[in-house]
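Dropping the structures in below, format is C-alpha cells.
One chain, chain A, appears in both complexes that follow, with chain B as partner in the first and chain C in the second.
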Partner chain A sequence: MKPIYIISSACISPQHTFEAIDFLSDASIVNARNNVLYCIEPDFKQFINPVQIRRMSRALKIGFSAAMKCINESEIKEIDAIIIGTGKGCLEDTEAFLHSIKQYHESALNPTHFIHSTYNQLNGMIALNKKINSYNVTYAHRGFSFEHTLVDASLLLAEGEANHVLAGSFDEMTLEHFTVKKVWGYWKVEPIESKDLLLSKTPGTIAGEGSAFFILGNQKTKQNQAFIKSIRTMYKPTAEEIAFQIDSILQENDLLSSDIDVLMLGNNGNSNQQHHDLLFADKFLNANFLYFKHLCGEFDTASQFGFWLSTQILEKQQIPKALYGPNNQHKEEKKEIKQVLFYNNYFELNQSLILLSV
Partner chain B sequence: MQELQELKQTLKTQIIESLNLEGMTPEEIDDNAPLFGEGLGLDSIDSLELMVLLERNYGIKIEDAREGRKAMESVNAMAQYIADHRTK
Partner chain C sequence: MKPSIVVSGMGMYTALGKGLQANYNALSHQEHALGPLDFLKTTHAASFPFGEIKQSTQSLLQSLQLPIHKGYTRTSLLGITALQEALLHAGLHSFNQLKVGIVNATTVGGMCEVEKYYFDLLDHVGDYTEFSDTIDCADCTHRLADFFHIKHFVTTISTACSSSANAIMLGTRLVSQGHLDIAICGGTDALTRFTINGFNALKNIDKALCKPFDAERNGLNLGEGAAYVIIERADDCAKRNHIPLASISGYCNFNESFHATAPNPEGEGAYQVMKRALAKANLQPHEIQYINAHGTATLTNDESESNAMKRLFQQVPAFSSTKCYTGHTLAAAGAVEAIFSVMALKEQCVFANLNFQHAMPEAQLIPQLHFEHQSIQHVMSNSFAFGGNNASLIFSKIENT
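Then we have the complex of A and B:
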C-alpha cells in the first residue's frame, strides 16, 4: 500500500495526553477506579461555542474537542474527507432516549437525545463547524471501527480522491453500559489496579473510553509525525493466521522481524483471552514489547490510543516507562526507533496489525 | 393572577432544565422577551424541546405550527397558553 503520512494528531484519554505537558511520565499516570478509566476532560469551552455546548453530551464534547485540536494544530488548510469510527456512538444520549421511550410510552420524545444518539452526529458537527462539504463517513463496526477509518482513508488517499483526511474515533463508557457488560462478564469481578492488569490471572478486563484524531495525507510534509506502511484486519484469527499476516506485512515492506524496534500490544489482562505472547516472543527477538490497555481500558475503539502512542513514540523517539509490560521488562533501548508494529485484540473477535514508521 | 405568576416561575425553571441553559436563573428570563431569535436566542430544535415540555408536563399537544409559534413567543404567552389549554 502507498504510505499514509500522519500530519497532526490529538488524543483525549484517561491519561494526560491532550495537554502534552509531558509524555506519560510515571508521576502523571492515572489508575483505574472500580475497574473503569474515564477520560481527563479538557476545558471544552476552548473548542466549543456556548450555544452548541449546552446540547452536547460528554462523548460529543470529547470527540469534537479532539478533532478541533487536531485540525487547529495542523498546517493543512483544506480537508477533503471526514472519516470517524465509533463502536457505540453517544451512549449517554442513546440511553436517555431509550429510557424516555419506556417512560413516556413512545410519545413526547426529546429531539436532542434522538439526534445525538445517531452514530454520525460528530461527523456532522465537525463538517458544519469547519465547513467541510465533502466525503463524510462514519464506521460503526464495533472492534474494527477505528481500523476501518484508516483503511477507508488509505483508499481515498491512494486513489487521489483526497489529499488530506481527518480520521479518528471516539467511544464513551457510561455507568449503565459498564453494568450491562459486567453482567456479561466483560469486566473483572475483583477491583484491580492498572499496573497489575497485565499480570492478572482472572477473567475480564477494565473498561475505558477516549477519542483520538489524525490528519492524514498522501504527501510528506515538514509536520509529519510518522507514516503508516501497512494495515491488516482479522476477524477471529487463529495464531497461524496472525503469524501469516505478520509475515505478509514484513514481506510487503522488505523487512525482517529483527527490523521491528517496538511492538505495541493490545493485551487487556483477560485470562479467558489468547494474547499470543509466545508467538510474538518467538518472532521478535530484538523488539521492545509495549502495552497500552492498562492506561486506557478496553472499549471498541481502544486501538486509537495504542495507535496514537505509536505515532508519539516515533515522533518523540522516546518510550515512557509506563508502557513497558509486567515487571518492567525491556531490552536495551535502541538509538533510533524506526519501525513500530501495532497489534490489537478486541475480545478475540476483531484483531488488527498496523506497521508504522518514521 | 397569583396562579399565573407561579406558573411562569415553574415554567422558567422547566425551560432552563429542558434546554440545559447552563448558568441561567429564572430571574434572568424576561417574561415579555421573545424566546426565539433575540431574547433567549433559541432555535428550531429548542422549539421541539419546548413542545415536548408542554406535552409531558401539561398534557398539551400542539398540532398546528402557527399556533405553536404564537404560544411560544415569550414566557408570558406560553404561561397563558398553558393556563387556557392544560389537561393536567
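Then we have the complex of A and C:
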C-alpha cells in the first residue's frame, strides 16, 4: 500500500480534543458519569448557519462541525470524495421517528426525523454545504465503519480516482440506546470510574460517542506528517489470525516487531472479550502500550479516537500521560516515535489493525 | 492493464417470487406483484399497494432450517435465501483458498423486528433480547457472513436507495485491485412501518399502482427484497471452468449536492453519473441498448432522470423502470435491478414499463411498453438516492459464451 498522508484532522470527543489547545493534559481529563462519556460540544454556530442548526440533531451537528473544521484547516480547494462511517447513524432521529409513529398512530408525521435517520444524511449535508460533487459513500458496519472509510480512501487514491479524500466517522449515544444495549450486556452493571476501567474484571464496558474527520492524500504536504502504512480489518478472528495479520503488516513494511514504538490499544475493560495482552506483551518489547477507551468510551466508531490520537502522537512526538495503562507502566521516554500500531476489538466481532508512521 | 471483472452468479427474492426464474417469468409476462400487505402490521396495510414477499418470517426461518429466538430478522432471512441461490448459480460450493468478501447493503437492517418490540425493550417488558442488537445495518451482514462462512472482508454500505449499487461498485474495485478473489455484493431490506411512514410523511407514495415516467405519476410503491451478485476476475472464473453472465464494464458514484431528499429537476447529477459511467466503460452513448432506469415514479425523480437521459443520449435507448413490478426495494433495489439488467443481456430482451399512458409534457419520452427480444450488448442500470447519492452501473455482454 502506498502511504496515505493525513493532511488535516478534527476530533470531537468526550475530551478537550477539538480546540486542541492542550493535548490531553492530566488537569483537563473528563471522567465518565454513570458509565457514559458524552462529547464536549463545540460552539456549533461557528460551523452551522442558524437556519440549519435548529433542524439538525446532536449527532449531525457534531459530525458536521468536525468535518467543517477538518476541511477548513486543510486549505484543500478540491475534495474528490466524501467517505463517512457510522455504526448507528443519527440515533436521536431514529428514536424520535419511532416515538412519533406510536404517538400519532402512523398519521400526520413530520418527515424530518425520518430523513435524518438515513445513514447517509451527513454525507449529503457536507456535500451540499461545501458543494462537493464527487464520490460519496457511507459505511454502516459497527466496528468496521470507520476503518472501511480508510480502506475505501486507499482504493480511490490507488486508482487515481481521487487526490484528496474527506474520510471520517461519527456516532452518538442516547439514553434510550444505552438502555437498549444494556439488555444485551454491553455496559457494566456497576458504575465505574474511568481510571479503573482497564483493570476491571467484570463484564461490559462504558459507553461513549464522538466524531473525527481527516483529509487524506497521497502526497506529503508538510513536515512531520503522519501517514497510514497498512490497514487490516478482521471479522471474528482467532488469536492466531490476529498474530498472522500483525506479522503480515510487519513483513509488508519491512519492519521488525522491535521497530514498533507505540501500541495504541482499544481495551475496554470488558471481561467478556479477549484483549490479547499477552500476544502484544510478548511480541513488542520496545513499545509503549497506550490505551484510549477510558477517555472516549466504547462505541461503533470509537477507533476514530484512537486513530486520531495516534496521528497526534506521531506529529507532536509527545505522549499524554492519560494514555498510559492502568499501572502507569511505560518505557523510558524514547528519542523518536516512528511507528505506531493500532489495534481495536469491537466486542469480538470487528477487529482492526492499522500501522501509522511519520 | 485492469483485469476484466465479471458477474458469475446471481440470486434474488422479491415480491415477484423466489429465485431468478420466478422473477424473469413475471417480468417477461408483464405481471407485477404489488398489492395489500398480508404480513406486516400497519394501519397503511390496505391504503397503498406494496411489493410484499408472500412468505411469513417464521416460514422463512423454517425453510432455512434456522433456530427460532436467535435474532434472525426478516431482513437477514431474505438475504440468506437470496445469497444461497447466488452462490449455487456461481457454482461456488466451497471457497477453498479463495479470498471471499461480502459487501452488503441495507437501509433498515433489523428495524423490521425492532419496531415491533422497541417500547417493550425500553421498558424491559417481555423477552425480546434476541432483537436488541439488531438495530443497525451490520447485524444482517454478520448473519450472512456467518451462515456462509465469509471472513475475508465484511462490510455494509447504507446510502439509501443507491446502497446496493454502491456495494456492487466497491466489490468490483476490491476484486479489480486484487484485495478479493470473490466479492459477494448486493442488498436486503424488509418492509417496515418505519420506512412506510417515512415515505408517507414525505408524501411520495402512490395510493394506486405506481406509474413510472407517466405524466400522471403520483409517487412510488414500496417493496421488499434481497438480491446478490457474485463478482470475480474473468480469468479466475475461466480457470474454474465457470461461464460468466456479463462483464461489469462501467460504474460511477457521484453526489450532485443539490438537496437533502430531492434531485435536481434538470437532472445534472443523473447526467453526470451516467456520463462518467460511460467514460469508465469506454463506451459512447449510442452503444447502450437498454437502460434499467431508477424510475421511482415520484414527480421529481422521473423528471430529473428523463432530462438527464435526453441530454446524454441523442436518441434515448429503450428504457423502463421495473419498480412497477417489485415496488421500490430501497437498499436492495440497486442489486435487484442490476440482476434484471444482466437478465436483459443474457436473454437479449427489454422489460416493459407498466402503467404508462401519457408522456410527460416537458420530456416527451416514452418508455419501453412491451416485453420484447432485442439484440443487446450493453445495459445501464441507474440508482439515485436521498442526499444526492447517485450511482450508475454498466453491464456488457461477454462474446463467445
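In this section, the second predicted complex is superposed on the first by the 355 of 358 C-alpha atoms of A that agree within 3 Å, B and C clash if a C-alpha of one lies under 4 Å from a C-alpha of the other, contacts with A are read in each partner's own complex, and residues count from 1 in each chain.
What we mean here is this: contacts are C-beta pairs under 8 Å (C-beta built on N, C-alpha and C of every residue); 3 or more make two chains touch, one makes a residue touch a chain.
Everything numeric in this text was worked out from a predicted model, so none of it was measured.
Colleague: Scan A:Phe23 for contacts with chain B and chain C and give back first, second, both or neither.
Modeller: neither
Colleague: Taking the superposition on A as described, I'd like to know which of chain B and chain C A:Asn136 touches: first, second, both or neither.
Modeller: A:Asn136 contacts chain C only, not chain B.
Colleague: Touch test for A:Phe97: chain B only (first), chain C only (second), both, or neither?
Modeller: In the superposition, A:Phe97 touches chain C alone.
Colleague: Is A:Leu109 in contact with chain B, with chain C, with both, or with neither (first, second, both, neither)?
Modeller: In the superposition, A:Leu109 touches chain B and chain C alike.
Colleague: On chain A, which partner touches more residues: chain B or chain C?
Modeller: C
Colleague: Have a look at where A:Tyr291 lands relative to chain B and chain C in the superposition and call it first, second, both or neither.
Modeller: Once the two structures are laid over each other on A, A:Tyr291 reaches no partner at all.
Colleague: Determine, under the contact definition given at the top, whether A:Val51 touches first (chain B), second (chain C), both, or neither.
Modeller: In the superposition, A:Val51 contacts chain B only.
Colleague: Check chain A for residues that touch chain B in one structure and chain C in the other, and list them.
Modeller: 107, 109-111, 115
Colleague: Within the complex, which stretch of chain A touches chain C?
Modeller: Residue list for chain A touching chain C: 82, 87-89, 94, 97-98, 101-102, 105-107, 109-111, 114-115, 117-121, 123-125, 127-128, 130-142, 144, 148, 152, 155, 158-159, 176-177, 179-181, 183-184, 233, 235-236, 300, 349-350.
Colleague: What residues of chain C sit close enough to touch chain A in their complex?
Modeller: Chain C reaches chain A through residues 42-44, 107, 115, 118-119, 121-122, 124, 129, 132-133, 135-138, 141-142, 145, 150-160, 166, 170, 173-174, 177, 179, 193-194, 197-198, 200-202, 253-261, 269, 272, 385-389.
Colleague: In the complex formed with chain A, which residues of chain B make contact?
Modeller: Of all residues in chain B, those touching chain A are 18-22, 41, 45, 48-49, 52, 55-56.
Colleague: Which bits of chain A are touching chain B when the two form their complex?
Modeller: Chain A residues touching chain B: 51, 53-55, 104, 107-112, 115.
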